[in-house]
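Labels run A, B and C following the written order; every chain starts at residue 1.
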Amino acid sequence: MNPILLLDYAGVAVFAATGALAASRKQLDIIGFLFLASVTGIGGGTFRDLILGAPVFWVRNPDYVLICAVIGVLVFFTAHMVESRYKLLLWLDALGLSAYSAMGAAKGMAVTGSPTVAVVTGMLTATLGGILRDLLAGEPSVLLRPEIYVTAAMAGAAVFTLADVAGAPLPVSALLAFAAAFIVRAGALKFGWAFPAYKSRPGRRPEDIP
Amino acid sequence: MNPILLLDYAGVAVFAATGALAASRKQLDIIGFLFLASVTGIGGGTFRDLILGAPVFWVRNPDYVLICAVIGVLVFFTAHMVESRYKLLLWLDALGLSAYSAMGAAKGMAVTGSPTVAVVTGMLTATLGGILRDLLAGEPSVLLRPEIYVTAAMAGAAVFTLADVAGAPLPVSALLAFAAAFIVRAGALKFGWAFPAYKSRPGRRPEDIP
Amino acid sequence: MNPILLLDYAGVAVFAATGALAASRKQLDIIGFLFLASVTGIGGGTFRDLILGAPVFWVRNPDYVLICAVIGVLVFFTAHMVESRYKLLLWLDALGLSAYSAMGAAKGMAVTGSPTVAVVTGMLTATLGGILRDLLAGEPSVLLRPEIYVTAAMAGAAVFTLADVAGAPLPVSALLAFAAAFIVRAGALKFGWAFPAYKSRPGRRPEDIP
(Lines give C-alpha, C1' and ligand atoms only; values in the text may rest on other atoms or scores of the structure.)
Protein backbone atom coordinates (compact mmCIF):
# COMPACT_ATOMS: atom_id res chain seq x y z
CA MET A 1 0.00 0.00 0.00
CA ASN A 2 1.71 3.17 -1.12
CA PRO A 3 1.61 6.34 1.00
CA ILE A 4 -0.45 8.20 -1.59
CA LEU A 5 -3.29 5.69 -1.40
CA LEU A 6 -3.00 5.67 2.38
CA LEU A 7 -3.23 9.46 2.53
CA ASP A 8 -6.23 9.24 0.24
CA TYR A 9 -8.15 6.78 2.43
CA ALA A 10 -7.09 8.68 5.54
CA GLY A 11 -8.26 11.99 4.06
CA VAL A 12 -11.66 10.57 3.13
CA ALA A 13 -12.10 8.89 6.52
CA VAL A 14 -11.18 11.83 8.74
CA PHE A 15 -13.10 14.36 6.66
CA ALA A 16 -16.10 12.02 6.76
CA ALA A 17 -15.73 11.95 10.55
CA THR A 18 -15.75 15.76 10.71
CA GLY A 19 -18.93 15.81 8.61
CA ALA A 20 -20.56 13.29 10.94
CA LEU A 21 -19.46 15.33 13.99
CA ALA A 22 -21.06 18.43 12.44
CA ALA A 23 -24.24 16.35 12.02
CA SER A 24 -24.08 15.41 15.71
CA ARG A 25 -23.73 19.08 16.66
CA LYS A 26 -26.89 19.78 14.63
CA GLN A 27 -28.65 16.71 16.11
CA LEU A 28 -29.53 15.24 12.72
CA ASP A 29 -30.79 11.69 12.21
CA ILE A 30 -28.56 8.83 11.01
CA ILE A 31 -29.15 9.57 7.32
CA GLY A 32 -28.11 13.16 7.98
CA PHE A 33 -24.89 11.75 9.43
CA LEU A 34 -24.33 9.65 6.28
CA PHE A 35 -25.04 12.61 4.04
CA LEU A 36 -22.75 15.13 5.75
CA ALA A 37 -20.05 12.46 6.17
CA SER A 38 -20.15 11.74 2.43
CA VAL A 39 -20.25 15.35 1.27
CA THR A 40 -17.33 16.29 3.50
CA GLY A 41 -15.36 13.11 2.79
CA ILE A 42 -15.59 13.11 -0.98
CA GLY A 43 -16.60 16.70 -1.83
CA GLY A 44 -13.12 18.16 -2.20
CA GLY A 45 -11.81 15.30 -4.33
CA THR A 46 -14.92 15.38 -6.50
CA PHE A 47 -14.35 19.00 -7.48
CA ARG A 48 -10.63 18.32 -8.01
CA ASP A 49 -11.46 15.55 -10.48
CA LEU A 50 -14.15 17.58 -12.26
CA ILE A 51 -11.78 20.50 -12.70
CA LEU A 52 -8.96 18.29 -13.96
CA GLY A 53 -11.34 16.54 -16.36
CA ALA A 54 -10.48 13.22 -14.70
CA PRO A 55 -13.10 10.55 -13.91
CA VAL A 56 -14.50 11.20 -10.41
CA PHE A 57 -12.58 8.92 -8.03
CA TRP A 58 -15.54 7.47 -6.13
CA VAL A 59 -17.47 6.72 -9.33
CA ARG A 60 -14.56 4.49 -10.39
CA ASN A 61 -14.10 3.04 -6.92
CA PRO A 62 -17.30 3.22 -4.84
CA ASP A 63 -15.41 1.90 -1.77
CA TYR A 64 -14.77 5.52 -0.88
CA VAL A 65 -18.50 6.03 -0.46
CA LEU A 66 -18.76 2.94 1.71
CA ILE A 67 -15.93 4.27 3.92
CA CYS A 68 -17.94 7.47 4.43
CA ALA A 69 -21.07 5.48 5.25
CA VAL A 70 -19.30 3.28 7.80
CA ILE A 71 -17.70 6.31 9.46
CA GLY A 72 -21.07 8.08 9.55
CA VAL A 73 -22.70 5.14 11.36
CA LEU A 74 -19.76 4.73 13.76
CA VAL A 75 -19.85 8.39 14.73
CA PHE A 76 -23.64 8.27 15.17
CA PHE A 77 -23.21 5.64 17.88
CA THR A 78 -20.04 6.98 19.53
CA ALA A 79 -20.14 10.80 19.28
CA HIS A 80 -21.77 11.16 22.71
CA MET A 81 -18.64 9.64 24.26
CA VAL A 82 -16.44 12.43 22.97
CA GLU A 83 -16.01 15.24 25.44
CA SER A 84 -15.48 18.12 23.05
CA ARG A 85 -16.81 17.17 19.66
CA TYR A 86 -15.90 20.55 18.20
CA LYS A 87 -12.26 20.23 19.24
CA LEU A 88 -12.09 16.70 17.84
CA LEU A 89 -13.66 17.97 14.63
CA LEU A 90 -10.95 20.63 14.31
CA TRP A 91 -8.10 18.15 14.80
CA LEU A 92 -9.52 15.53 12.45
CA ASP A 93 -10.12 18.31 9.96
CA ALA A 94 -6.42 19.23 10.30
CA LEU A 95 -5.43 15.65 9.43
CA GLY A 96 -7.79 15.54 6.47
CA LEU A 97 -6.60 18.92 5.24
CA SER A 98 -2.97 17.78 5.40
CA ALA A 99 -3.62 14.49 3.60
CA TYR A 100 -5.70 16.13 0.90
CA SER A 101 -3.29 19.00 0.24
CA ALA A 102 -0.69 16.37 -0.74
CA MET A 103 -3.18 14.23 -2.68
CA GLY A 104 -4.72 17.15 -4.53
CA ALA A 105 -1.36 18.55 -5.57
CA ALA A 106 -0.16 15.10 -6.66
CA LYS A 107 -3.19 14.58 -8.88
CA GLY A 108 -3.04 18.11 -10.31
CA MET A 109 0.66 17.63 -11.13
CA ALA A 110 0.11 14.18 -12.63
CA VAL A 111 -2.75 15.31 -14.86
CA THR A 112 -1.52 18.72 -16.03
CA GLY A 113 2.20 18.97 -15.26
CA SER A 114 1.68 22.60 -14.22
CA PRO A 115 3.04 23.59 -10.78
CA THR A 116 0.53 26.47 -10.55
CA VAL A 117 -2.39 24.12 -11.19
CA ALA A 118 -0.94 21.62 -8.70
CA VAL A 119 -0.85 24.22 -5.92
CA VAL A 120 -4.42 25.28 -6.69
CA THR A 121 -5.85 21.75 -6.83
CA GLY A 122 -3.99 20.93 -3.61
CA MET A 123 -5.52 23.90 -1.81
CA LEU A 124 -8.93 23.28 -3.28
CA THR A 125 -9.09 19.57 -2.49
CA ALA A 126 -7.93 20.24 1.06
CA THR A 127 -10.32 23.05 1.88
CA LEU A 128 -13.47 22.40 -0.13
CA GLY A 129 -14.77 19.45 1.89
CA GLY A 130 -14.67 21.52 5.08
CA ILE A 131 -16.15 24.57 3.36
CA LEU A 132 -19.07 22.52 2.00
CA ARG A 133 -19.58 20.91 5.43
CA ASP A 134 -19.81 24.28 7.16
CA LEU A 135 -22.05 25.73 4.45
CA LEU A 136 -24.50 22.82 4.54
CA ALA A 137 -24.51 22.49 8.32
CA GLY A 138 -24.97 26.24 8.76
CA GLU A 139 -21.84 26.47 10.92
CA PRO A 140 -19.46 29.46 10.91
CA SER A 141 -17.15 28.81 7.94
CA VAL A 142 -13.57 27.64 8.64
CA LEU A 143 -12.70 30.05 5.87
CA LEU A 144 -13.63 33.09 7.95
CA ARG A 145 -12.00 32.00 11.22
CA PRO A 146 -9.10 34.23 12.26
CA GLU A 147 -6.54 31.41 12.38
CA ILE A 148 -4.50 29.92 9.62
CA TYR A 149 -6.47 27.40 7.55
CA VAL A 150 -6.20 27.87 3.81
CA THR A 151 -2.55 28.75 4.39
CA ALA A 152 -1.82 25.30 5.80
CA ALA A 153 -3.36 23.74 2.70
CA MET A 154 -1.29 26.03 0.53
CA ALA A 155 1.90 25.17 2.44
CA GLY A 156 1.30 21.44 1.92
CA ALA A 157 0.48 21.86 -1.76
CA ALA A 158 3.53 24.09 -2.32
CA VAL A 159 5.88 21.70 -0.53
CA PHE A 160 4.61 18.79 -2.60
CA THR A 161 5.00 20.73 -5.81
CA LEU A 162 8.53 21.94 -4.97
CA ALA A 163 9.66 18.45 -3.93
CA ASP A 164 8.11 16.93 -7.03
CA VAL A 165 9.69 19.48 -9.37
CA ALA A 166 13.01 18.89 -7.58
CA GLY A 167 12.70 15.23 -8.50
CA ALA A 168 11.80 13.66 -5.14
CA PRO A 169 10.02 10.29 -5.32
CA LEU A 170 6.23 10.52 -4.98
CA PRO A 171 5.96 9.00 -1.47
CA VAL A 172 8.65 11.38 -0.15
CA SER A 173 6.99 14.45 -1.65
CA ALA A 174 3.63 13.32 -0.27
CA LEU A 175 4.90 12.75 3.26
CA LEU A 176 6.83 16.05 3.31
CA ALA A 177 3.70 17.86 2.15
CA PHE A 178 1.54 16.13 4.76
CA ALA A 179 4.02 17.09 7.50
CA ALA A 180 4.29 20.70 6.34
CA ALA A 181 0.54 21.22 6.21
CA PHE A 182 -0.05 19.50 9.54
CA ILE A 183 2.66 21.46 11.38
CA VAL A 184 1.25 24.76 10.13
CA ARG A 185 -2.35 23.87 10.96
CA ALA A 186 -1.44 22.31 14.34
CA GLY A 187 0.51 25.46 15.24
CA ALA A 188 -2.57 27.50 14.41
CA LEU A 189 -4.83 25.29 16.55
CA LYS A 190 -2.43 24.87 19.46
CA PHE A 191 -0.61 28.20 19.66
CA GLY A 192 -3.01 30.42 17.75
CA TRP A 193 -0.54 31.07 14.92
CA ALA A 194 -2.03 33.64 12.60
CA PHE A 195 -0.99 36.01 9.88
CA PRO A 196 -1.48 39.66 10.53
CA ALA A 197 -5.03 40.06 9.31
CA TYR A 198 -6.22 42.97 7.29
CA LYS A 199 -7.17 45.27 10.14
CA SER A 200 -7.75 48.82 9.05
CA ARG A 201 -11.51 48.65 9.57
CA PRO A 202 -14.27 46.11 9.11
CA GLY A 203 -16.71 46.50 6.26
CA ARG A 204 -19.81 48.52 6.90
CA ARG A 205 -23.07 46.75 6.47
CA PRO A 206 -24.75 47.43 3.12
CA GLU A 207 -27.61 49.34 4.81
CA ASP A 208 -25.17 51.81 6.39
CA ILE A 209 -23.89 52.99 3.05
CA PRO A 210 -25.34 56.27 1.83
CA MET B 1 -43.54 8.72 -23.83
CA ASN B 2 -41.81 6.40 -21.41
CA PRO B 3 -42.17 6.85 -17.63
CA ILE B 4 -38.49 7.76 -17.21
CA LEU B 5 -38.81 10.75 -19.53
CA LEU B 6 -42.09 11.68 -17.85
CA LEU B 7 -40.49 11.55 -14.40
CA ASP B 8 -37.67 13.66 -15.76
CA TYR B 9 -39.93 16.42 -17.08
CA ALA B 10 -42.07 16.22 -13.94
CA GLY B 11 -39.01 16.49 -11.69
CA VAL B 12 -37.70 19.55 -13.54
CA ALA B 13 -41.12 21.22 -13.56
CA VAL B 14 -42.01 20.75 -9.91
CA PHE B 15 -38.53 21.62 -8.65
CA ALA B 16 -38.62 24.72 -10.85
CA ALA B 17 -41.95 25.61 -9.21
CA THR B 18 -40.42 25.26 -5.73
CA GLY B 19 -37.58 27.56 -6.77
CA ALA B 20 -40.06 30.12 -8.06
CA LEU B 21 -42.11 29.86 -4.84
CA ALA B 22 -38.93 30.51 -2.84
CA ALA B 23 -38.41 33.60 -5.04
CA SER B 24 -41.95 34.75 -4.23
CA ARG B 25 -41.26 34.32 -0.50
CA LYS B 26 -38.21 36.56 -0.94
CA GLN B 27 -40.17 39.03 -3.10
CA LEU B 28 -37.69 38.93 -5.98
CA ASP B 29 -38.39 40.34 -9.45
CA ILE B 30 -39.37 38.17 -12.43
CA ILE B 31 -35.77 37.45 -13.43
CA GLY B 32 -35.10 36.29 -9.87
CA PHE B 33 -38.01 33.88 -10.34
CA LEU B 34 -36.49 32.57 -13.59
CA PHE B 35 -33.09 32.21 -11.95
CA LEU B 36 -34.20 30.32 -8.84
CA ALA B 37 -36.61 28.21 -10.91
CA SER B 38 -33.77 27.19 -13.22
CA VAL B 39 -31.19 26.52 -10.51
CA THR B 40 -33.63 24.38 -8.54
CA GLY B 41 -35.08 22.65 -11.59
CA ILE B 42 -31.84 21.66 -13.29
CA GLY B 43 -29.23 21.95 -10.49
CA GLY B 44 -29.46 18.40 -9.18
CA GLY B 45 -29.36 16.80 -12.62
CA THR B 46 -26.47 19.02 -13.67
CA PHE B 47 -24.28 17.76 -10.82
CA ARG B 48 -25.38 14.17 -11.49
CA ASP B 49 -24.23 14.47 -15.11
CA LEU B 50 -20.95 16.19 -14.21
CA ILE B 51 -20.10 13.50 -11.66
CA LEU B 52 -20.95 10.71 -14.08
CA GLY B 53 -18.91 12.36 -16.83
CA ALA B 54 -22.02 12.44 -19.02
CA PRO B 55 -22.96 15.45 -21.19
CA VAL B 56 -25.13 17.80 -19.13
CA PHE B 57 -28.75 17.01 -20.01
CA TRP B 58 -29.98 20.56 -20.62
CA VAL B 59 -26.99 21.43 -22.79
CA ARG B 60 -28.04 18.60 -25.11
CA ASN B 61 -31.72 19.42 -24.86
CA PRO B 62 -32.32 23.08 -23.92
CA ASP B 63 -36.08 22.43 -23.66
CA TYR B 64 -35.48 21.72 -19.98
CA VAL B 65 -34.36 25.32 -19.52
CA LEU B 66 -37.43 26.58 -21.35
CA ILE B 67 -39.66 24.50 -19.03
CA CYS B 68 -38.03 26.21 -16.04
CA ALA B 69 -38.52 29.64 -17.61
CA VAL B 70 -42.21 29.01 -18.36
CA ILE B 71 -42.81 27.72 -14.83
CA GLY B 72 -40.99 30.73 -13.38
CA VAL B 73 -43.23 33.16 -15.29
CA LEU B 74 -46.40 31.21 -14.44
CA VAL B 75 -45.61 31.20 -10.73
CA PHE B 76 -44.76 34.93 -10.83
CA PHE B 77 -48.31 35.66 -11.96
CA THR B 78 -50.17 33.08 -9.86
CA ALA B 79 -48.26 32.68 -6.58
CA HIS B 80 -50.45 35.28 -4.82
CA MET B 81 -53.43 33.00 -5.31
CA VAL B 82 -51.87 30.20 -3.29
CA GLU B 83 -52.88 30.29 0.36
CA SER B 84 -49.80 28.72 1.90
CA ARG B 85 -46.92 28.97 -0.51
CA TYR B 86 -44.55 27.30 1.90
CA LYS B 87 -46.78 24.24 2.25
CA LEU B 88 -47.19 24.00 -1.51
CA LEU B 89 -43.44 24.32 -1.90
CA LEU B 90 -42.92 21.38 0.46
CA TRP B 91 -45.37 19.12 -1.38
CA LEU B 92 -44.05 19.98 -4.85
CA ASP B 93 -40.57 19.44 -3.50
CA ALA B 94 -41.69 15.97 -2.34
CA LEU B 95 -42.85 15.17 -5.88
CA GLY B 96 -39.61 16.44 -7.41
CA LEU B 97 -37.53 14.56 -4.89
CA SER B 98 -39.37 11.32 -5.66
CA ALA B 99 -39.08 11.72 -9.43
CA TYR B 100 -35.41 12.62 -9.25
CA SER B 101 -34.41 9.83 -6.86
CA ALA B 102 -35.61 7.36 -9.52
CA MET B 103 -34.09 9.33 -12.42
CA GLY B 104 -30.76 9.86 -10.72
CA ALA B 105 -30.41 6.21 -9.76
CA ALA B 106 -31.40 5.11 -13.28
CA LYS B 107 -28.74 7.30 -14.86
CA GLY B 108 -26.08 6.31 -12.32
CA MET B 109 -26.83 2.64 -12.96
CA ALA B 110 -26.89 3.05 -16.74
CA VAL B 111 -23.56 4.90 -16.86
CA THR B 112 -21.53 3.00 -14.26
CA GLY B 113 -23.33 -0.28 -13.53
CA SER B 114 -22.44 0.14 -9.83
CA PRO B 115 -25.35 -0.16 -7.35
CA THR B 116 -23.46 1.98 -4.79
CA VAL B 117 -22.97 4.78 -7.31
CA ALA B 118 -26.61 4.48 -8.40
CA VAL B 119 -27.85 5.00 -4.83
CA VAL B 120 -25.53 8.00 -4.39
CA THR B 121 -26.47 9.67 -7.66
CA GLY B 122 -30.14 9.04 -6.89
CA MET B 123 -29.85 10.75 -3.49
CA LEU B 124 -27.73 13.55 -4.87
CA THR B 125 -29.95 14.35 -7.84
CA ALA B 126 -33.02 14.32 -5.62
CA THR B 127 -31.69 16.54 -2.85
CA LEU B 128 -29.24 18.93 -4.50
CA GLY B 129 -31.77 21.11 -6.30
CA GLY B 130 -33.57 21.81 -3.03
CA ILE B 131 -30.33 22.33 -1.12
CA LEU B 132 -29.10 24.86 -3.70
CA ARG B 133 -32.48 26.62 -3.65
CA ASP B 134 -32.42 27.02 0.14
CA LEU B 135 -28.76 28.10 0.12
CA LEU B 136 -29.27 30.74 -2.57
CA ALA B 137 -32.58 31.99 -1.19
CA GLY B 138 -31.16 32.17 2.34
CA GLU B 139 -33.91 29.90 3.67
CA PRO B 140 -33.42 27.33 6.45
CA SER B 141 -32.01 24.28 4.66
CA VAL B 142 -34.28 21.26 4.11
CA LEU B 143 -31.20 19.28 5.09
CA LEU B 144 -31.32 20.49 8.69
CA ARG B 145 -35.08 20.12 9.25
CA PRO B 146 -35.96 17.48 11.81
CA GLU B 147 -38.12 15.41 9.47
CA ILE B 148 -37.14 12.76 7.01
CA TYR B 149 -35.85 14.25 3.75
CA VAL B 150 -32.60 12.74 2.53
CA THR B 151 -33.93 9.39 3.74
CA ALA B 152 -36.84 9.55 1.30
CA ALA B 153 -34.41 10.17 -1.55
CA MET B 154 -32.29 7.27 -0.36
CA ALA B 155 -35.34 4.99 -0.13
CA GLY B 156 -36.31 5.80 -3.71
CA ALA B 157 -32.78 5.34 -5.03
CA ALA B 158 -32.38 2.06 -3.13
CA VAL B 159 -35.71 0.67 -4.37
CA PHE B 160 -34.80 1.53 -7.95
CA THR B 161 -31.40 -0.09 -7.62
CA LEU B 162 -32.77 -3.26 -6.00
CA ALA B 163 -35.53 -3.60 -8.61
CA ASP B 164 -33.07 -2.97 -11.42
CA VAL B 165 -30.55 -5.48 -10.10
CA ALA B 166 -33.41 -7.98 -9.69
CA GLY B 167 -34.12 -7.59 -13.40
CA ALA B 168 -37.32 -5.50 -13.36
CA PRO B 169 -38.00 -3.50 -16.53
CA LEU B 170 -36.91 0.14 -16.33
CA PRO B 171 -40.43 1.68 -16.16
CA VAL B 172 -41.42 -0.68 -13.32
CA SER B 173 -38.27 0.07 -11.30
CA ALA B 174 -38.77 3.79 -11.85
CA LEU B 175 -42.41 3.79 -10.74
CA LEU B 176 -41.68 1.63 -7.68
CA ALA B 177 -38.87 4.00 -6.71
CA PHE B 178 -41.08 7.06 -7.21
CA ALA B 179 -43.77 5.50 -5.02
CA ALA B 180 -41.34 4.47 -2.27
CA ALA B 181 -39.74 7.91 -2.04
CA PHE B 182 -43.07 9.72 -2.14
CA ILE B 183 -44.68 7.53 0.54
CA VAL B 184 -41.73 8.09 2.89
CA ARG B 185 -41.61 11.84 2.29
CA ALA B 186 -45.41 12.25 2.44
CA GLY B 187 -45.45 10.36 5.75
CA ALA B 188 -42.85 12.76 7.07
CA LEU B 189 -44.83 15.81 5.94
CA LYS B 190 -48.26 14.54 6.98
CA PHE B 191 -47.58 12.53 10.11
CA GLY B 192 -44.21 13.93 11.16
CA TRP B 193 -42.40 10.62 10.58
CA ALA B 194 -38.86 10.99 11.80
CA PHE B 195 -35.92 8.86 12.76
CA PRO B 196 -34.70 9.13 16.30
CA ALA B 197 -32.32 12.05 15.98
CA TYR B 198 -28.98 12.21 17.64
CA LYS B 199 -30.05 13.81 20.89
CA SER B 200 -27.39 13.58 23.57
CA ARG B 201 -26.65 17.28 23.49
CA PRO B 202 -26.44 20.05 20.91
CA GLY B 203 -23.04 21.38 19.85
CA ARG B 204 -21.66 24.27 21.80
CA ARG B 205 -20.95 27.40 19.88
CA PRO B 206 -17.28 27.84 18.92
CA GLU B 207 -16.92 30.84 21.24
CA ASP B 208 -17.98 28.78 24.29
CA ILE B 209 -15.11 26.37 23.90
CA PRO B 210 -12.19 26.97 26.24
CA MET C 1 -5.28 41.09 -28.72
CA ASN C 2 -8.89 40.46 -29.61
CA PRO C 3 -11.70 41.99 -27.55
CA ILE C 4 -12.92 38.56 -26.38
CA LEU C 5 -9.58 37.78 -24.73
CA LEU C 6 -9.47 41.29 -23.31
CA LEU C 7 -12.96 40.92 -21.83
CA ASP C 8 -11.86 37.60 -20.40
CA TYR C 9 -8.80 39.00 -18.62
CA ALA C 10 -10.79 42.05 -17.52
CA GLY C 11 -13.58 39.86 -16.13
CA VAL C 12 -11.15 37.72 -14.14
CA ALA C 13 -9.26 40.73 -12.81
CA VAL C 14 -12.23 42.79 -11.66
CA PHE C 15 -14.07 39.83 -10.16
CA ALA C 16 -10.86 38.89 -8.35
CA ALA C 17 -10.72 42.44 -7.00
CA THR C 18 -14.30 42.16 -5.70
CA GLY C 19 -13.39 38.91 -3.96
CA ALA C 20 -10.37 40.55 -2.35
CA LEU C 21 -12.50 43.52 -1.27
CA ALA C 22 -14.95 41.10 0.36
CA ALA C 23 -11.96 39.57 2.17
CA SER C 24 -10.95 43.05 3.39
CA ARG C 25 -14.48 43.64 4.68
CA LYS C 26 -14.18 40.40 6.65
CA GLN C 27 -10.64 41.29 7.81
CA LEU C 28 -9.11 38.04 6.57
CA ASP C 29 -5.37 37.43 6.25
CA ILE C 30 -3.48 37.63 2.95
CA ILE C 31 -4.16 33.99 2.03
CA GLY C 32 -7.85 34.63 2.59
CA PHE C 33 -7.53 37.48 0.10
CA LEU C 34 -5.90 35.14 -2.44
CA PHE C 35 -8.55 32.50 -1.88
CA LEU C 36 -11.60 34.76 -2.25
CA ALA C 37 -9.97 36.59 -5.16
CA SER C 38 -9.43 33.29 -6.98
CA VAL C 39 -12.85 31.80 -6.25
CA THR C 40 -14.60 34.96 -7.41
CA GLY C 41 -12.30 35.54 -10.38
CA ILE C 42 -12.41 32.07 -11.88
CA GLY C 43 -15.49 30.46 -10.24
CA GLY C 44 -18.05 31.48 -12.86
CA GLY C 45 -15.90 30.46 -15.82
CA THR C 46 -15.03 27.17 -14.14
CA PHE C 47 -18.69 26.15 -13.90
CA ARG C 48 -19.31 27.35 -17.46
CA ASP C 49 -16.55 25.09 -18.76
CA LEU C 50 -17.64 22.10 -16.65
CA ILE C 51 -21.21 22.41 -17.88
CA LEU C 52 -20.12 22.75 -21.50
CA GLY C 53 -17.79 19.77 -21.16
CA ALA C 54 -14.88 22.00 -22.20
CA PRO C 55 -11.45 21.86 -20.50
CA VAL C 56 -11.43 24.30 -17.58
CA PHE C 57 -9.82 27.51 -18.87
CA TRP C 58 -7.36 28.08 -16.01
CA VAL C 59 -6.17 24.48 -16.05
CA ARG C 60 -5.10 25.03 -19.67
CA ASN C 61 -3.73 28.47 -18.99
CA PRO C 62 -2.73 28.97 -15.32
CA ASP C 63 -1.97 32.65 -15.96
CA TYR C 64 -5.57 33.34 -14.94
CA VAL C 65 -4.77 32.04 -11.47
CA LEU C 66 -1.67 34.21 -11.29
CA ILE C 67 -3.75 37.27 -12.24
CA CYS C 68 -6.06 36.51 -9.30
CA ALA C 69 -3.11 36.09 -6.95
CA VAL C 70 -1.51 39.38 -8.01
CA ILE C 71 -4.82 41.22 -7.64
CA GLY C 72 -5.34 39.65 -4.21
CA VAL C 73 -1.95 40.88 -2.99
CA LEU C 74 -2.44 44.35 -4.52
CA VAL C 75 -5.81 44.78 -2.84
CA PHE C 76 -4.41 43.56 0.50
CA PHE C 77 -1.96 46.45 0.50
CA THR C 78 -4.20 49.15 -0.98
CA ALA C 79 -7.76 48.45 0.22
CA HIS C 80 -7.38 50.79 3.21
CA MET C 81 -6.95 53.69 0.81
CA VAL C 82 -10.38 53.18 -0.71
CA GLU C 83 -13.06 55.27 0.91
CA SER C 84 -16.06 53.02 0.33
CA ARG C 85 -14.87 49.52 -0.38
CA TYR C 86 -18.42 48.24 -0.71
CA LYS C 87 -19.29 50.78 -3.39
CA LEU C 88 -16.10 50.00 -5.28
CA LEU C 89 -16.90 46.30 -5.00
CA LEU C 90 -20.32 46.89 -6.56
CA TRP C 91 -18.93 48.86 -9.50
CA LEU C 92 -16.10 46.42 -10.22
CA ASP C 93 -18.64 43.64 -9.94
CA ALA C 94 -20.72 45.45 -12.58
CA LEU C 95 -17.72 45.50 -14.94
CA GLY C 96 -16.98 41.82 -14.32
CA LEU C 97 -20.60 40.87 -14.79
CA SER C 98 -20.74 42.71 -18.11
CA ALA C 99 -17.51 41.18 -19.41
CA TYR C 100 -18.50 37.68 -18.35
CA SER C 101 -22.04 37.82 -19.74
CA ALA C 102 -20.49 38.37 -23.19
CA MET C 103 -17.72 35.80 -22.65
CA GLY C 104 -20.03 33.15 -21.26
CA ALA C 105 -22.54 33.52 -24.07
CA ALA C 106 -19.74 33.44 -26.67
CA LYS C 107 -18.34 30.20 -25.28
CA GLY C 108 -21.79 28.60 -24.90
CA MET C 109 -22.60 29.51 -28.52
CA ALA C 110 -19.23 28.31 -29.82
CA VAL C 111 -19.45 24.95 -28.07
CA THR C 112 -23.13 24.07 -28.52
CA GLY C 113 -24.57 26.34 -31.23
CA SER C 114 -27.77 26.65 -29.16
CA PRO C 115 -28.99 30.21 -28.46
CA THR C 116 -30.84 29.03 -25.32
CA VAL C 117 -27.70 27.45 -23.91
CA ALA C 118 -25.69 30.57 -24.83
CA VAL C 119 -28.05 32.81 -22.84
CA VAL C 120 -27.89 30.46 -19.85
CA THR C 121 -24.09 30.11 -19.84
CA GLY C 122 -23.78 33.89 -20.26
CA MET C 123 -25.99 34.51 -17.21
CA LEU C 124 -24.33 31.78 -15.21
CA THR C 125 -20.76 32.82 -15.92
CA ALA C 126 -21.59 36.41 -15.11
CA THR C 127 -23.41 35.82 -11.83
CA LEU C 128 -21.84 32.72 -10.30
CA GLY C 129 -18.53 34.29 -9.26
CA GLY C 130 -20.35 36.96 -7.27
CA ILE C 131 -22.81 34.45 -5.80
CA LEU C 132 -19.97 32.19 -4.63
CA ARG C 133 -18.11 35.21 -3.18
CA ASP C 134 -21.13 36.30 -1.15
CA LEU C 135 -21.88 32.75 -0.02
CA LEU C 136 -18.31 32.07 1.13
CA ALA C 137 -17.81 35.49 2.71
CA GLY C 138 -21.16 35.27 4.50
CA GLU C 139 -22.34 38.52 2.89
CA PRO C 140 -25.94 39.22 1.87
CA SER C 141 -26.24 37.67 -1.59
CA VAL C 142 -26.30 39.96 -4.64
CA LEU C 143 -29.01 37.61 -5.83
CA LEU C 144 -31.45 38.75 -3.16
CA ARG C 145 -30.83 42.48 -3.43
CA PRO C 146 -33.82 44.44 -4.67
CA GLU C 147 -32.03 45.94 -7.66
CA ILE C 148 -31.44 44.51 -11.08
CA TYR C 149 -28.51 42.09 -11.16
CA VAL C 150 -29.23 38.80 -12.89
CA THR C 151 -31.26 40.81 -15.40
CA ALA C 152 -28.18 42.75 -16.49
CA ALA C 153 -26.34 39.48 -17.08
CA MET C 154 -29.30 38.19 -19.04
CA ALA C 155 -29.46 41.38 -21.13
CA GLY C 156 -25.78 41.05 -22.05
CA ALA C 157 -26.07 37.36 -22.87
CA ALA C 158 -29.22 37.94 -24.93
CA VAL C 159 -27.67 40.83 -26.89
CA PHE C 160 -24.60 38.72 -27.67
CA THR C 161 -26.73 35.82 -28.81
CA LEU C 162 -28.99 37.97 -30.98
CA ALA C 163 -26.04 39.76 -32.58
CA ASP C 164 -24.24 36.48 -33.16
CA VAL C 165 -27.29 34.79 -34.69
CA ALA C 166 -27.76 37.90 -36.88
CA GLY C 167 -24.23 37.33 -38.20
CA ALA C 168 -22.30 40.13 -36.48
CA PRO C 169 -18.55 39.55 -36.13
CA LEU C 170 -17.50 38.19 -32.74
CA PRO C 171 -15.80 41.39 -31.45
CA VAL C 172 -18.87 43.48 -32.34
CA SER C 173 -21.29 41.09 -30.63
CA ALA C 174 -19.04 40.99 -27.57
CA LEU C 175 -18.75 44.75 -27.25
CA LEU C 176 -22.49 45.27 -27.80
CA ALA C 177 -23.22 42.69 -25.10
CA PHE C 178 -20.74 44.28 -22.69
CA ALA C 179 -22.32 47.70 -23.26
CA ALA C 180 -25.88 46.38 -22.82
CA ALA C 181 -25.13 44.58 -19.57
CA PHE C 182 -23.15 47.49 -18.16
CA ILE C 183 -25.80 50.10 -19.00
CA VAL C 184 -28.51 48.01 -17.32
CA ARG C 185 -26.43 47.30 -14.22
CA ALA C 186 -25.10 50.88 -13.98
CA GLY C 187 -28.66 52.19 -14.22
CA ALA C 188 -29.61 49.90 -11.34
CA LEU C 189 -26.66 51.07 -9.22
CA LYS C 190 -26.94 54.78 -10.07
CA PHE C 191 -30.65 55.35 -10.44
CA GLY C 192 -32.05 52.37 -8.55
CA TRP C 193 -33.62 50.85 -11.68
CA ALA C 194 -35.67 47.86 -10.65
CA PHE C 195 -38.37 45.63 -11.97
CA PRO C 196 -41.64 45.60 -10.11
CA ALA C 197 -40.88 42.91 -7.53
CA TYR C 198 -43.31 40.29 -6.46
CA LYS C 199 -44.99 42.20 -3.68
CA SER C 200 -48.23 40.59 -2.54
CA ARG C 201 -46.77 39.45 0.78
CA PRO C 202 -43.49 38.12 2.09
CA GLY C 203 -43.14 34.48 2.99
CA ARG C 204 -44.00 33.47 6.52
CA ARG C 205 -41.29 31.85 8.50
CA PRO C 206 -41.55 28.04 8.67
CA GLU C 207 -42.29 28.18 12.40
CA ASP C 208 -45.35 30.38 11.84
CA ILE C 209 -47.05 27.82 9.68
CA PRO C 210 -49.72 25.78 11.41
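We adopt the following convention: a contact is a pair of C-beta atoms (placed from the backbone, for glycine too) under 8 Å apart; a residue touches a chain by one contact, two chains touch by 3 or more.
None of the values given here were measured: they were computed from a predicted structure.
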* **Category of the chain touch graph - line, ring, star, complete, other** => complete
* Superposition of chain A upon chain C: rotation angle, C-alpha, nearest 5 degrees -> 120
* **Cα-centroid distance, chain B relative to chain C, in whole angstrom** => 27
* Of all the residues in chain A, which ones touch at least 2 other chains? -> 50, 135
* **Complex contact set, residues of chain A against chain B** => 22-35, 38, 46, 50, 55-56, 58-59, 62, 65-66, 76, 79-80, 84-87, 135-138, 140, 145
* chain B-touching residues of chain C, taken from the complex the two chains share -> 50-53, 112, 114, 116-117, 120, 123, 127, 131, 135, 141, 143-144, 146, 148, 150-151, 154, 194-204, 206, 209
